[in-house]
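Structures for review follow.
Consider the two complexes below, in which chain A is the common component and chain B and chain C are the respective partners.
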Partner chain A sequence: MISDVLRQLKKDFLVEFRSRAAVNTALAFAGIITLSISLAAGGTPFSTLVQAVFLWIILFFSAMNGLLHIFTREEEEQTSLFLSLNVPAEAVYLAKLVFNIAFFLVIEMVTCPLFIFFLQVTVKDIILFVMTVLSGGLALASAVTMLAAMTARAGGKGSLFTVISFPVVLPVIWVSIGATVESLQGSSGDAWNSVVFLLAFSGAVTAISFLLFRYVWYDE
Partner chain B sequence: MPVIIEGTNIAKKFNRKTLFRDISFSLSAGQSLAITGRNGSGKSTLLRIVAGITSPSSGSMTYALNGAALERYNFFSHIGFISPVMNVYEELTGLENLRFVGGKKDDDAHLAILDRFELRGHENKAVRLYSSGMKQRLKLACCFLNDPPVLLLDEPGMNLDRKGRDIIYSYLDSVRENRIIIIATNENEEAALCRGRIDFDQ
Partner chain C sequence: MKTGRLVYLFMPAAILMAFLYAPPAAGLGEASRIVYFHVPLAWGSVLAFAVSGILSIRYLFGSNGSEAMLDMKAHHSAGIGLTFTVLAIISGSIWAKMSWGSYWNWDPRETSIVILLLIYISYFALYGVMSDNGNRGRISSVYLILVMVVVPFFIFVVPRVYPSLHPDPIINAEKKMNMDMKMRMTLLVSAVSFTLLYVYFMGMRNRLMGIEKKIDEKIENRREI
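Moving on, here comes the complex of A and B:
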């Protein structure tokens, strides 16, 4: 199983590195939207709640297209059958999940500094902020990987993906925004519970998705 | 490696239209079957059902290896499958695609099969730069790489020149005694490689 996951991960990273289809689009979107908000605000200071909402909206919409792309590319290029015959379904899921987590991490590493710089954000509790962004990203990537597979297998595109993702990712974004506000204000209070919730959410969703993935992946 | 495939009363419907029904067969190592018929008659669909990729609307497929029954998904690692609607990764090179299929096999095995399909010299070129015939040869190389006991070939000669077809035919001749071979085709030349036949036109 591990060798199958590594074999597929290597393939996915090579394909993405050579085409750069998903990451370039996501980074361009993140940069443009952050800059647009900054220019539109014209130096007006936002409340910490508005700043946190902006951060998660930028992260969510920047990443959505790329997170879906990992599965839709297999369908569009007619390689999903080739993949199905050569790699067990569980290994496909784990490799796509790891890829999506790494992808979201790259988006966060680029978006967060831009967000802090252009929106003149002051982070009072850096450790909590970093942990919130990482655990929120992990939860989002975990939740949408299975949904991306379902959307791609149904022949759906981005619009369907965003619609069916919304109810699943709403609690993640809600909790992440709350914890981000606390990290910006420096009043950590219950925010660490939010980080624990996000990590637990990721674990639960990953476990369920791992067990159910073959029913989505294979044509029943 | 004794392998047995059995199909019992296989039928496939799309919406209310019956594509085919009551297809039964039993194949063991050394036997071969051609599936022929007009376009849209269900040749490729039947081949996908035999491979376990698609479920039949009714009837059942059973697979056995060394006397033990196998679940259809566990059977995937024992088949070599090729189809016009299945592509290899175009961003990868020919050699990288073979490494993906071959797993722990060393590069000597990959280069040997590339040699057999006359793709040596192109192994480090991205597949998107291959001609359609070269892509078909690479798909066949991927299909045959792991010496699977069951070969399910949907129009294997598509886009191939005479030499490419001769390579497949000589390969199939060399392995037919201990493999199950099923070919879905419109070409009489390919159908003649098999001893049994399901003809959807009759």
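Moving on, here comes the complex of A and C:
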């Protein structure tokens, strides 16, 4: 199965690298929103809570289209039937999950420096900030990979994906915002509970998604 | 129908006990009586969602899930749970206004139940989109199981990690019930009443589904003749 996962992963990265449509759109969205907020504020510093809210809203909405794209592309190009006949569902799920985590990581790597630079953010606890962003991204990518598959198989579009994803990832965004505020204000012991929460959430959602993916992927 | 009779017995008893038997809570006064409806409604909503998740597991992993229409039964349970959640939010808001001065405070427990509400509204959106999709039963069941795994994270974990305006939960870290005996009895009777009400509604919805199925089959048979 590992070879199937690696083959799928290679294919997904190659296809994405050829067009770069999803990642370019997501990065452009993140850049435009960050600049727009900075421009509208005119240099006025925000409170740490507002800064944290902006960061997670930008990350979430920038990534949403790209995270869905990985499955809708298979449906649009009519390759999902071929995949379901030749590759085990679990291998498809793991490949898409790893791709989505990598995709989210790229978005974070570009958005966070932009966010810190343009919104005049001072990070007092860098380790906590990095861990929060990474674990929050991992939790978001883990949760929405399965939901993206469901949306694509249901024949839904971006709006349905946002509707079914937002409530599921809201606790993740909520906890991530709290931990980000702590990291901007200075270290706090409680904030590490949030990182543990995010990692536990990722583990639970990935495990259940791995078990259930075949029921979404194969036709009845 | 036995459940129906029990509902007619327990529900009036719970209402009478809430207003006449239980004493008002110290500091909160008569407004505290809403607890006998708010807590059982919240319990009923969690129970309904747990049942919808369990029925979905049986639908996917059981041998005769599709014949027993377990996906439809899970859908009915989610519908009843959604109604209970809305009522729990309304009763909670009234109580919050009386206790804390405003209808909504974004307390972790309030936030949790709103997220629960949004999750199940999303479930109905997903279910509605797939009206002509042959995989509707499977996909909607997977969604219900997935959210059953996610829900404990913010129903039970988040309110314990973040400070809350709510009093200690009835089942708390010390495993003690900080309640007067009469209040405890009333709450128990009310919780049983709402559980029976859920079972009664569920039975009615499932019977209705069975009748609709039989009517559809008869119509199909006549068309074939």
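In this text, the second predicted complex is superposed on the first by the 219 of 220 C-alpha atoms of A that agree within 3 Å, B and C clash if a C-alpha of one lies under 4 Å from a C-alpha of the other, contacts with A are read in each partner's own complex, and residues count from 1 in each chain.
The rule is short, and it goes like this: a residue touches a chain if its C-beta (ideal position, glycine included) is under 8 Å from a C-beta of that chain, and two chains touch if they have at least 3 such contacts.
Just so you know, these numbers come straight off a predicted model, no measurement behind them.
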Touch check for A:Glu77: first (chain B), second (chain C), both, or neither?
first
Quick one: classify A:Thr44 as touching chain B (first), chain C (second), both or neither.
neither
Mind working out whether A:Arg7 is in touch with chain B, chain C, both or neither, as first, second, both or neither?
first
Superposition-derived comparison: chain B or chain C, residues of chain A touched
C
Touch test for A:Met150: chain B only (first), chain C only (second), both, or neither?
second
After superposition on the shared chain, which partner residues are touched by A:Arg18: those of chain B (first), chain C (second), both, or neither?
first
Enumerate the residues of chain A that count as touching chain B in its complex and touching chain C in the other.
219-220
Which positions of chain B touch chain A when the two form their complex?
51, 53-55, 73, 76, 79, 81, 83, 85-92, 96, 100-101, 103-104, 126, 142
Which of the residues in chain A come into contact with chain B in the complex?
3-4, 7-8, 11, 14-15, 18-19, 77-79, 81-82, 84-86, 88-89, 214, 218-220
Under the definition above, what is the set of chain C residues touching chain A in their complex?
60, 111, 115, 118-119, 121-123, 125-126, 129-130, 133-139, 141-143, 145-147, 149-150, 153-154, 157-158, 161-162
Touch list for chain A against partner chain C, complex:
143, 146-147, 150, 153-156, 160, 163-164, 166-168, 170-171, 174-175, 178, 190, 193-194, 197, 200-201, 204-205, 208-209, 212, 215-216, 219-220
